[in-house]
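Labels run A, B, C and D following the written order; every chain starts at residue 1.
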């Protein structure tokens, strides 16, 4: 890699972009980026201009030798890039509203990344990402693709399986855990050693130690734990967590507290709309702010949006890859032999050492025995759904959904799938070929 | 082994006993049994006498050199036995009624062997079986224990782990599959090759061939499939089964059609009582019949009871062990390296070659990928529940139930467990030690 | 399969053929063969006629409805066959003489199937067998190929990897073990349960039980053990065998007693010639006998030749495949998950249940820990040599030989390989392409 | 850990000690050692005083707040230590002379750590180390034991299996590889990424990259490669190394060039004595130098001794453990799931991330397929020899030696073992109990 880096941002018109720009500016000394290309599709042109102009103002204010380019031409953006970052949303927030609303009609959790909604997002997104990878294979074959696009684990695994492009899946949740622990114990995050095991949005923290001393036990009895904007607060059952011996991701509430979470979704979606509808309102407000020609920094309101720490995760990873830092980060990578009950090519979320050659997953010291079945069941669903997405195969999609732990009956899976496919028809060309 | 075999039947007062006696009589040429000891507990004395006298009349009619002994002294029955068969029910049918009724109050499947009811049965039964094994280690250490006691997979695994006694778990369901296929295709069962994979009451048939020709595909489109008395008929979704590529056990309806099965249970339990209540009435009728001093054969009505083929499975297994027949039977044995996603000591239900040294599990040609997660989740629950049973550990029991695929919330698991433990207090001394 | 079976014998002019014919005649009731095609190459025409006419006389004498055909047209022989048996020798006994002589010049064991000689045989043979399989894929795609051609394990593995033809590797050594045990203990072979583990010509017997009683211990102290004509008698070190806890194949003397066996080879090859030279003389004598127009049965002298039991192994296997007998035989099949330190596609020699779908390898109860390294080293050499044979790759051949446990130096491997390749040039077209 | 560290050095009278003292002095800022305890046995008292006084002079010159203690009381030295380092030699150089001389009499490689000599060293050393660990369990249970005592892999594995003390095996060879590459490519060692795979004194370097670029290919064609004082120079066969695709440790010459190395040993041992005899002369010279009361630094002549880089390896490891540095070092640790053909508890030499909790082995990207057999064979020998050492079991020792790849015959193993055990009688109490 050279000392003049080009970064391409797919879905550059996203409201998250100012975060990323801020991160690149702050870390310029260790990551000599000279060009940022924000690329979006025709339908996102307006947003791209708003957020792109803010980005330009931010860079200008920084005084760094760094150019921001806005384009609708993906190939131009990818050409010669060192890093490609994706933060796009096929079908925009409208499709997310369906992902959240339709399952609720069938008495099933409606969520952006977990359950049937997550599967629909995967079916829409994977073929588009694979197309981007095809361009990359031609235009920047040795670039790293930093994938934030949800469901990040599934999308990353699909790229591992169907492209030669090197990709790493990222999520802000592990960074959030470190931030939470850092505040809780009043030590810098670097002094905390936390071990993660599981899948994207399905991980458990099985070890927390500070200066060699375990802190896990005392975390079991915190009523709240770490949570995020997009997952409602429900209190954990402390006896259960203690017996489990690990801190579950807040996404695991959908599995461990299915009944309560479903009730909450039904209530809140009736009252204030689903999360997608709330986010849509927040985004509208954000873009109003972004338009302000005097604004030349990330506005504070972005934090409410939910995706905080994304930029931190992305920039940290790029820095480590570029500088061969060999530090430990929690990433979505191929399992290899890390978890013995999963296939080698399954994408998992786990601590890695980041070298110039890429991340190397660290062996895990322990997997709570009780969660292996859930991990395997969800991973199996993911693998079936990936194949369904790639081949446009309804039968595989039914197998995937029918075996998903949140589905109460194969017949429900069947009806729900039919309605969701129909609703997403415009974004699923492979499923509706004549 | 000698040519004068002693068989001890634990729970000898069971209504199934005439089946077993019939089997022993019919197979005497290959299995030279000279003594059958029917043993029961004080509370079962009355039934033991009724069924024991019927057994004596059956043997007398056969004219074989075979003695039937009735006893309440377990040690006397076990002493020097070559085979021990168990068909007992700790807590009798009353406890089964709780197993079926209490979960329904929490909106959870109530079933004798599957879900919370099965776990309670395991908690009651495993310590008693381990006590029997302790006696066997002293009185007949090289006897084979043929375990029919449900949940047969869990009980068998517990004995493998906590006793030196050689045991094999048996279920009539695989025999039933062969009978069904034999009628369907009008060929003798011996000409059918069927491959089973999974756990007890959680298996799939992944291969059916007759004279080298596969018959699996046509079975996917049968609306009914093979079922049994104790599991209500619900039609399978043929598209789903076809996509799955395997015939699920009828017990899998509790997982694949949870919603429908739960509704059916709620309706029928209100109308005609749970299965335990029906069985109780059937058993009362059977014992009335058994009392008839002129009856010297298995009455036809026993077939309605549901446990048909049990005797066939048991006698076939004893014959093969005794004669080193090396034929293939579907049994519950330690996994070894058969299923790569399960621990070696997990008890699985799978085809085995039965040699004089015991059954050797055959490698499976295929496990449908979509079911691995379910198998691992249920096996993990089973392993946690076995440890809970052995140690009387509530925390493990909560982990087991909280991770069971049929449980909609950890909080539900918590409440349900508390009520079930309290109700079963009399049969759970290890959980209620001061 | 029909009830009129066609069998094709590749290398039909072999001196072993009368054995096979005898076996087919004796087992005709369970294996309704109607046509035997003996096929050979032009160079073997004379022998084919001699042995073929003997075969015809034998069949005629039997009075069975069975035709013997002699042909040089391989495709005609294969067309529509149910079973194909191979017993050919690329390069004839001349090449075997080189295999045995050249290594000795470098101070290395010279043997037909073990070490450098075995590798050369594999390099000559594998491409020819793969050509036969190509014909079979076209002319008899569902036939079983019974492979006796040495090195049988490597040849079988090559076919598994590079052809769709179903093949099973056979060796007379396991049959010989059963015969030996049967005589030793004076019981029929069917009552003996022996467990084999390892590779072809590299197996250990780890269990011997008769009527459920272990006989292994007493076998450790026999000075001689089972041996065969082609491996010289050297006494085992009884302490070592006892510590090992298993009976090694007599081929293992080349590994365990390398020094002594090498000395023996140097002495005896100087005195009476190598085994190939002795066999050549024996064969000449046999063919003189075969010419006798009055001879209509297998002559006793064939037993001296060394390949006794071959026919028995072949006919037993065909009977079990045809009749779905599900009995246990020791065969060379793909490892699957049998030995956890070998790849799934490694060909191993192990007990199998023979069903109509083919042999299913039985899990082994134990592998002596001390031999795992040797098995893996030899299997790795085999896999490298197979690739070398298929691709005509000298570098792989050097890796194979350089890592073979019988080779004292990579430099020796290098020189030895060069001389052997040069000597075998006529039979190694893939290694000598311009 | 506190900020006043106590280090105990077992075998403190070793000629290597000045190296270690120098390392501790140079790294005091990051590793706040306040006490060094040099401990030795009565027989080593004289040397301990000489080298101890030199150590004291070195420390005094440094001006650091650091005390050097000399003692023959091991328990006093261990009490409260944070790190324990071992560099002792049971039987002193005299025993090493036997290890090198006796095998040569039988035509077998005679070497300190490889082959029969290494086994004898293991048999002498393991029980003594386990005794030290027993003291540590009482006096400093959470100390790290840095084990340099050869055969380091076997000794480390023995401690993992038979003690609760945390231990890590170290070898100077990997450090030497980095030094060599650093000079060769003229870059600092920190910029080199090299991947090691294998066992102690049996590793291969399978990846060398500098700034993301692979340098492996060009290393194949260097005639000499990296070597060390104690292993004679023999040129590698470049074709073979290229085909292998990895750089073998110089210790692998004993396996790949057995014939040549044996000849070299026979010649040089006759001419100038074995390596032990040379070392003995060098040590005598060194101790003469050490006596000089004006000497207050490590003398240059120590480099000739052969153990250079030992101190660097030790101090680097202590620094990383103490500071939670999370850098990558090549260490001897438990395999876990790193190499799929070895048991989880096998000690391997592999890249690790060093955290405060200890080293975590990194997954390897590749193991040359051809070497797996050799690794497994040697590891199996090691595991058998460890058990032999712990239990004083001759039969296991014979299995170990009889299966060692450098042994030409089980009978040779038997005779050689008998002679070596007899010669080492004084140091093998467990083998000579009445």
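Here is the rule we go by: contacts are C-beta pairs under 8 Å (C-beta built on N, C-alpha and C of every residue); 3 or more make two chains touch, one makes a residue touch a chain.
All values reported here derive from a predicted model rather than from experimental measurement.
Considering the contact criterion stated above, no chain is in touch with subunit A and with subunit D alike. Shared contacts of subunit C and subunit D, meaning chains that touch the two of them, come down to nothing at all. Using mean Cα coordinates as chain centres, the one most removed from subunit D is B. Averaged C-alpha coordinates give centres for subunit A and subunit B that are 45 Å from one another. Mean C-alpha positions place subunit A and subunit C at a centre distance of 57 Å. Shown here, the protein chains touch around one cycle, each chain meeting exactly two partners.
In the complex of the two chains, the subunit B residues touching subunit A come out as 237, 239-240, 242-244, 256-260, 341, 369-374, 376-381, 383-384, 395-396, 398-400, 402-403, 405, 408-414. Subunit A meets subunit D in the complex at residues 1, 191, 193, 209, 211-212, 324, 326-328, 336-338, 340, 353, 355-357, 360-363.
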